[in-house]
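In the two assemblies presented below, chain A is common to both, partnered first by chain B and then by chain C.
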Partner chain A sequence: MKTLKISLILLAFFSLLNNSVFSQQLTGLKIIENVYNRAVGDDMTADLTMTLTNSSNENRVREIKQFSKDFGDLEKKIMFFVSPADVKNTSFMSWSYDEAGKDDDQWIYLPALKKTKRISSDSKSDYFMGSDFTYDDLGDRQPDQDVHKLLREEKLNGEDCYVVESIPKDKDYMYSKTITWIIKDKWIGLKKEFYDEDEELLKILKVNKYEDINGFWIITNTEMKNEQKDHKTIMILKNVKINTGINDDKFTERIMTRGI
Partner chain B sequence: MEKILKQTLKYPYWILLVILIISAVFFSKMIENSRMETDLDEYMPQDHPAFVYSDQAEEWFNIKDGIIVAVENKNNIYNEETLNIIIELTKTFQKLPQIEKADVTSLYTADNIIGTEDGMDVKAFYKKTPTSAEDLNELREKVKTNEMVFGRLVSEDETVSVIIAAINDNVFSQEFYEEILTIAKQAETENVKIYVAGRPIVEGTMALLGPADMKKMVPIVLLVIIAVLYLTLRNVQSTILTLLVVLFSTVWAFGLMALLNIPIYAVSTMIPVMLIAIGVADGIHLFSHLQLYINKNPEATKKEAVSDMLAKMWKPVVMTSVTTAVGFISLLTSQVYPIKYFGLFTAFGVMVAMVFSLILIPAGVMIFKLPKPKVKEEKGNDHHFAFKSTIKILKYKSVTIFATIIIVVVSIVGIGKVWINSSFLDKFERDSEIVLTDAFINEHFGGTSTVNLILDSKEKDAFKNPAVLKLVNKMQNDVVDSLHLVGNSFSLTDYINRMNKVMHADNEKFNNIPNDQNLIAQYLLLYEMSGDPENLWKVVDYNYNKLNVNFQLKSDNSKTINAAIAEIEKFQDDFKKLGIEMKYAGSGYKGLVFTDLILEGQIMSLVLSLIIVILLLGMMFKNIWIGVIGSVPIIITAIIGFGVMGWADIALNTTTALLSSIAIGIGIDYAVHFIEQYKINSQSGDKLLTAQKTMAHSGRAILFNAVVVIAGFMVLLFSVFPPNRELGALVSLNMFISFIGTITIMLILLNKTNIYFKNKKEK
Partner chain C sequence: MKNKIIAILLCLTQITFAQNVDFTGYVRNYSGMLAGNGSNDFVILQNTFNLNIEKNMSGSSFKVNPIIYHNDSDSISFNLREAYLDLYFDSFDIRVGKQQIVWGKADGVFITDILSPKDLYEFLLPEFDEIRIGVTGAKLNYYMGGNTLELVWLPVFTPTNLPNSTSIWSPSMSFAMTPTFDYSKQDVKPSLENSELFLKYSALTEAIDFEIMGGYMWDDDPTVFSSIVTNSSGRNLFITPEHKRISLIGGSFSTTLGPFVFRGEGAYYFGKYFNTSDLTVNNGTVEKDYIHYMLGTDFNLLDINFSLQFIQKAVMDYEETIQSNVMFKDQYNNMMTFLARYSILNETLEFELFSYYDFEYDDALIRPRVLYDYSDTINLQIGANIFTGTEGQFGQYNNNDMLYGKIKYSF
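This part shows the complex of A and B:
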């Protein structure tokens, strides 16, 4: 009788222990999946202002009009430069595929050359337009590419957050790990730390503002700072419109040459 | 003064004890607190406009000194083994804490901008080493057709590839230097040889080799000085006491530096050189006087002998020391801190040596015993020789004056040939490994030395303007074509040329700057999107109003750098019309400016101290003409010293420039002792006898002094480090000229001008 009782208690204890360990792992992944799957609408139109600041506090500002649309397993995006004047109407189009291992297709149209050129870059670790964001930082990284672990829960900027550590399965990935602060029930990453190959802090991403637009949480002001190079990029989205029903043929080489 | 000094004679043991204790305190301070300043940037005046600008530019463009590692395979580099070594070395350097990851450039890290059928691609040349012959050949073609890399990272004969690792500021140390060499050595194989060069390596080797060689040579120098000192003084305790004066004054000078937390700079190592050359003089003159007194009065007691020595000699000792010290203090006018400190602490050392000479030497003599009187014949011979040579000198005075004038004129012509050299490499033997490595890399690539031309415009986007970029391009080509010592150049234009070409289907016709500013802006945007924008910030600044143009030179010597700058400056007017200013940056250029500054300061202080010396001597002897006559040996020594440097092709650098200070220090000593003695002897009223007696007394001491120091510094001629050999030769030369100048031309001038005899004759 006594042994049964002990066994029961032990069993309960182990299952609890087991469960908590298990659920924690599940929770880490689950949280990231929730962020990944957060609905952001099917298409978006916005004015993007990108401000690059170097270590001497010099700024370069680029204004871009951007359109993007989700085609299921394919996301298409087209951007037109508004300023500076010397690159006005330069346009950039990218098609990113969900399929693992498939590289993005990218095109650029240079009005001064009157030609559309395909560009390709070696990897997703390249920086986007001289900013501190890599293509990968901007795109959504698929949750199953990393091992996630819920570290703790804490308040950040007055929001209750999960703190999740993500370690890439691919050891050659540009980051050794990232730590993300995710707002509970909104599933918005509020802050993210990126660690380099030597496990030293490389960059910090901060979300300065997010807005409810047409019932979707849209991040409209983010700041990425490279701590090692003391270089930072602020991206601000204005005039954001969601689900306006952008035409599918907006995302073609012909449209690129037409300008805004 | 004399009374105070005589009072001290009563307490010789106390004096010895006090001096010993203070010396011990200074010595322990020196041991615990001294540090060597090896960072050359610390030597430069931080507020000088050229340095301020250069430092800024270095920050804007991340200009750093680079270690150049050359990987050589005699067949060619396109094989697995060599390519793997390039990867391994690149990765190893990237992991070193002294090197930023992005600052290592090699074939492995370089961007290859290529045209594709439908666009442009920025890719690595290779990420994993190709194994098949086909892939290796493809890589070879890629390199060969990219002029941004071919001839820069891979030699045109394809047997050598370089890895350039720019190192952070203030991180170079002996350990780091050895680590680099070990890494290189370990990577070598039977087929692959590895060479290490670049400014940090040259600086590092020099910083190690110079002092190491000195450490070996200095004890020998001291031994020779001791030996010769003994031979001239013929007395153990006199030798020891004279030497103690020099040693203690050096310890006090360095001890005070340590106490004040002033680091030891490379030029500070010249302080002992000065103190040895100058410090032994007082001792020699004192003992020489003592010996002569005892020879005359063999029965004199210790106290009588020492009292006489002090009575007759304290004045010249004080005069020489004060004048010499003031001469060195004039170095405070220099803009370069290490030189200021050098002047200040040498002056301090000279004053300390004076106090020791007047206190320690008498105390020592009181404690030990007097030198024995010398045998008569010897004394007679001595006098005989001095007397005879005096007659000869005075007899052939016109010959002497004529010869002096000729030598001085020839020297002045030689001074015209003197050139300033801030090169580090020129300090090594021509067949030393470091020079050969440098030559090897220069033979295969643009050059191991860099001059950074900074083009500065007030206008934003100035360097997107086609007219400006075309001019930059033309300048780059002109400078490289006209000077074979300029191997190549690199700037933003190379990116634009390359992109314009690949965007036009690799058509060579488009390997130039396009006419449309918007197109240039769009190329740059394109590069930022597909390449590594960090690379751009090494050649242009954020707002495109500053440009960094790199010129690779095959030599770091000042002639080469100046020639390149002269060629570049031809474009100054053209750039000015476009509102663009030309400035320079980088350590090579800073070295050049720095050496100029040192020289300018040195010449200024030489002139200044000469004026001070003339005035001081004039005041001390209450006759300004004595001041002028007394400065003659100094002037002659300085002129001939520089003249010999010009004729012997010894370049002026931080060390050799300082040697003119020796001319002052020594010249004053000789002149003052000689004139003082001449004045004392002139009481006899006999001009010839006065000259003869002075020669027998002061002339003798001066000769001893010169012989001792010359013998000591001649030892350095056997040094393995060329700058130390130059030092030995030039110190010896200076001593010799000062000596000859004093006993010939100065004696003749004293004799001719009838100073000290005029009044007597009238009476």
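This part shows the complex of A and C:
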């Protein structure tokens, strides 16, 4: 159960790395804002598989079924853990607010204890389910939390990219800086480097696959590798469905406890 | 009988496999050894098979949860922890059968969480989901957005399961003279008049989660009535355990403030029986109301998750003749719990320290343990149970300090 102190905004993560915008003289801030503000569907359903691989090449697999819906100034998400066996039927729900400074509301349902517990969303530097993604890596880190600088433009994997350096305004933040390669015409973050507090390279995020689903660019295969620990996590998104009209009642304690 | 149960279980398994029924559960080996008090006896040598059989259909579902314990004496005990059917409708759900019902926001403390009684065969040491006993009845949940009205009807009374008198977990009892026990009044027959009823209104909102509840129930712990009878053999003490009606109202809440989660829970119990030193009045008992509440917080500091709870019980209209017991020393009874949890190696290795401390008896239960996920299915655990003090609910087990290990395979 220790893996389940969650502040996950997975779907927003994919939107963070996807965007389209029409602009000419782009600053680093503008590029990141465009990525952040890119519209995605009103709701989304998907199956997520995370494969964690350690330095001995041993794999651990976590499977999740997730739903999200935009309610205007509020986004609600609910996730059901399918595997491993000891967390099966555990569910997690978060309500994220557009209002600046307003923390997410988050709950976790623990089936063995038959309890829905409210949890704090403050620990955004915690790692999600033992993976190499922190909650902040997966979530909506707002552009104004960092100072952005367009370093250069270059090709990566055959794609024309902007390369943007982002330095957090909070000097105590877990990363001293990040560098992101963003595809120009699709506004997808293709690669991202994370540097630790000593400005040493800590992690590298790579997008292995992205797809056009219902007119939205969706990243469906991502790899995060911790270079210092030689540990990596591959996230694969399957059965992605957008704008299916998920019922508002999906995001309630009733459904958390009942299951998928 | 044991073979029949296992045969039935296997048949059930074969049938249900064919119908896409979901099977999960675990197999666990659990060994515990007394330590530090001149005895190194293995007091726990247990194998457990826990099976959850579930099927979700459109508009309904069921769950059956058999559990088999195999102990060192080669004895096997079989139990159905839960066996229920769910019916789902647009705005309400109904659950019928044997079920565990958990209310409240407290952890490891039972204030409004009193619908499912406790199995104290090994005191409070089993995992909390194993401590609760399933109750037989019906539960109706009516939903209004994020608000829920829950009605529980239990026609069958299920009492606390106490360890037998030879167990090292048998609670200490002292009498002025050797008593004679009369258990003729202890059973509560299942009938409409003997039903238990509970009602809860709960809400899950942006700012706060809360529950308001009430219940008309039987006290899960029997009241011990005492009487002195003088006959030809002299003065004899007769002890007659009897479950008495009790009712309560209560509630709980949980909210966040920055990095802190604040929780609270409280209940007012009407008509709890306490034992007194005056056996001439009401067979050594007196009926009093009492308050039981908890205030707690959860937070993270230096990557360690902490949880603290303060718990108080206060007896209303207290009388000096009330005898102290392990749960009530005097009018005010104060306790706290402490939990610290820290994980490393991508959350595969976890260190935990959980403790109860009773201010009145100055006794405690301290439970350090280390858990390691050897794989996605195999979890290893070693730990200790350390009892301090000489009296009170923890101090009474001062000779039961224990080291233990568990291997658990989940499927």
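To be clear about the criterion, the second predicted complex is superposed on the first by the 230 of 260 C-alpha atoms of A that agree within 3 Å, B and C clash if a C-alpha of one lies under 4 Å from a C-alpha of the other, contacts with A are read in each partner's own complex, and residues count from 1 in each chain.
The criterion applied here is as follows: a residue touches a chain if its C-beta (ideal position, glycine included) is under 8 Å from a C-beta of that chain, and two chains touch if they have at least 3 such contacts.
Only a predicted model underlies this, so the values are computations on that prediction, with no experimental measurement involved.
Following the overlay on chain A, give me a clash-or-fit verdict for chain B and chain C.
Overlaying the two structures gives a clash between chain B and chain C.
Which partner, chain B or chain C, touches the larger number of chain A residues?
Here the partner covering more residues of chain A is C.
Is A:90 touching the first partner chain B, the second partner chain C, both, or neither of them?
In the superposed model, A:90 contacts chain B only, not chain C.
Given the touch rule stated above, what does A:56 touch, chain B (first), chain C (second), both, or neither?
After superposition on chain A, A:56 lies in contact with chain B alone.
On the A-aligned overlay, A:259 touches which partner chain: chain B = first, chain C = second, or both, or neither?
Second partner only, chain C.
Quick check for you: in the superposed arrangement, does A:113 touch first (chain B), second (chain C), both or neither?
Both chain B and chain C are touched by A:113.
Of the partners chain B and chain C, which touch A:45 in the superposed model: first, second, both, neither?
neither
With both complexes overlaid on chain A, does A:129 touch chain B (first), chain C (second), both or neither?
After superposing on A, A:129 lies in contact with both chain B and chain C.
Name the contact category of A:103: first (chain B only), second (chain C only), both, or neither.
Touch partner of A:103: chain C, not chain B.
Quick one: which of 220-228, 382-390, 490-498 or 652-660 on chain B sits on top of chain C after the fit?
490-498
Can you list the residues of chain A that touch chain B in one structure and chain C in the other?
Common interface on chain A, chain B vs chain C: 54, 60, 84, 86, 107, 112-113, 115, 117-122, 126-127, 129-130.
Which residues, counting only chain A, touch chain B once they are in their complex?
Touch residues, chain A against chain B: 54, 56, 58, 60, 81, 84, 86-87, 90, 92, 107-108, 110-113, 115, 117-122, 126-130, 198.
Show me the residue ranges of chain B that touch chain A in the complex, using the header's touch definition.
Listed in rising order, the residues are 59-60, 95, 116, 118-124, 127, 461, 464, 503, 514, 516-523, 525-526, 528-533, 537, 541-543.
Can you list the chain C residues touching chain A in their complex?
Those in contact with chain A are residues 24, 26, 56, 61, 86, 88, 93, 100-102, 105, 127-129, 141, 143, 145-146, 148, 202, 204, 206, 209, 254-256, 258-261, 298-300, 303, 305, 341, 343, 346-348, 350, 373, 375-377, 379, 408, 410-411.
Once bound in the complex, which stretches of chain A touch chain C?
Per the touch definition, chain A meets chain C at residues 2-3, 5, 52, 54, 60-61, 83-86, 88-89, 95, 103, 105, 107, 112-123, 126-127, 129-132, 231, 249, 252-254, 258-260.
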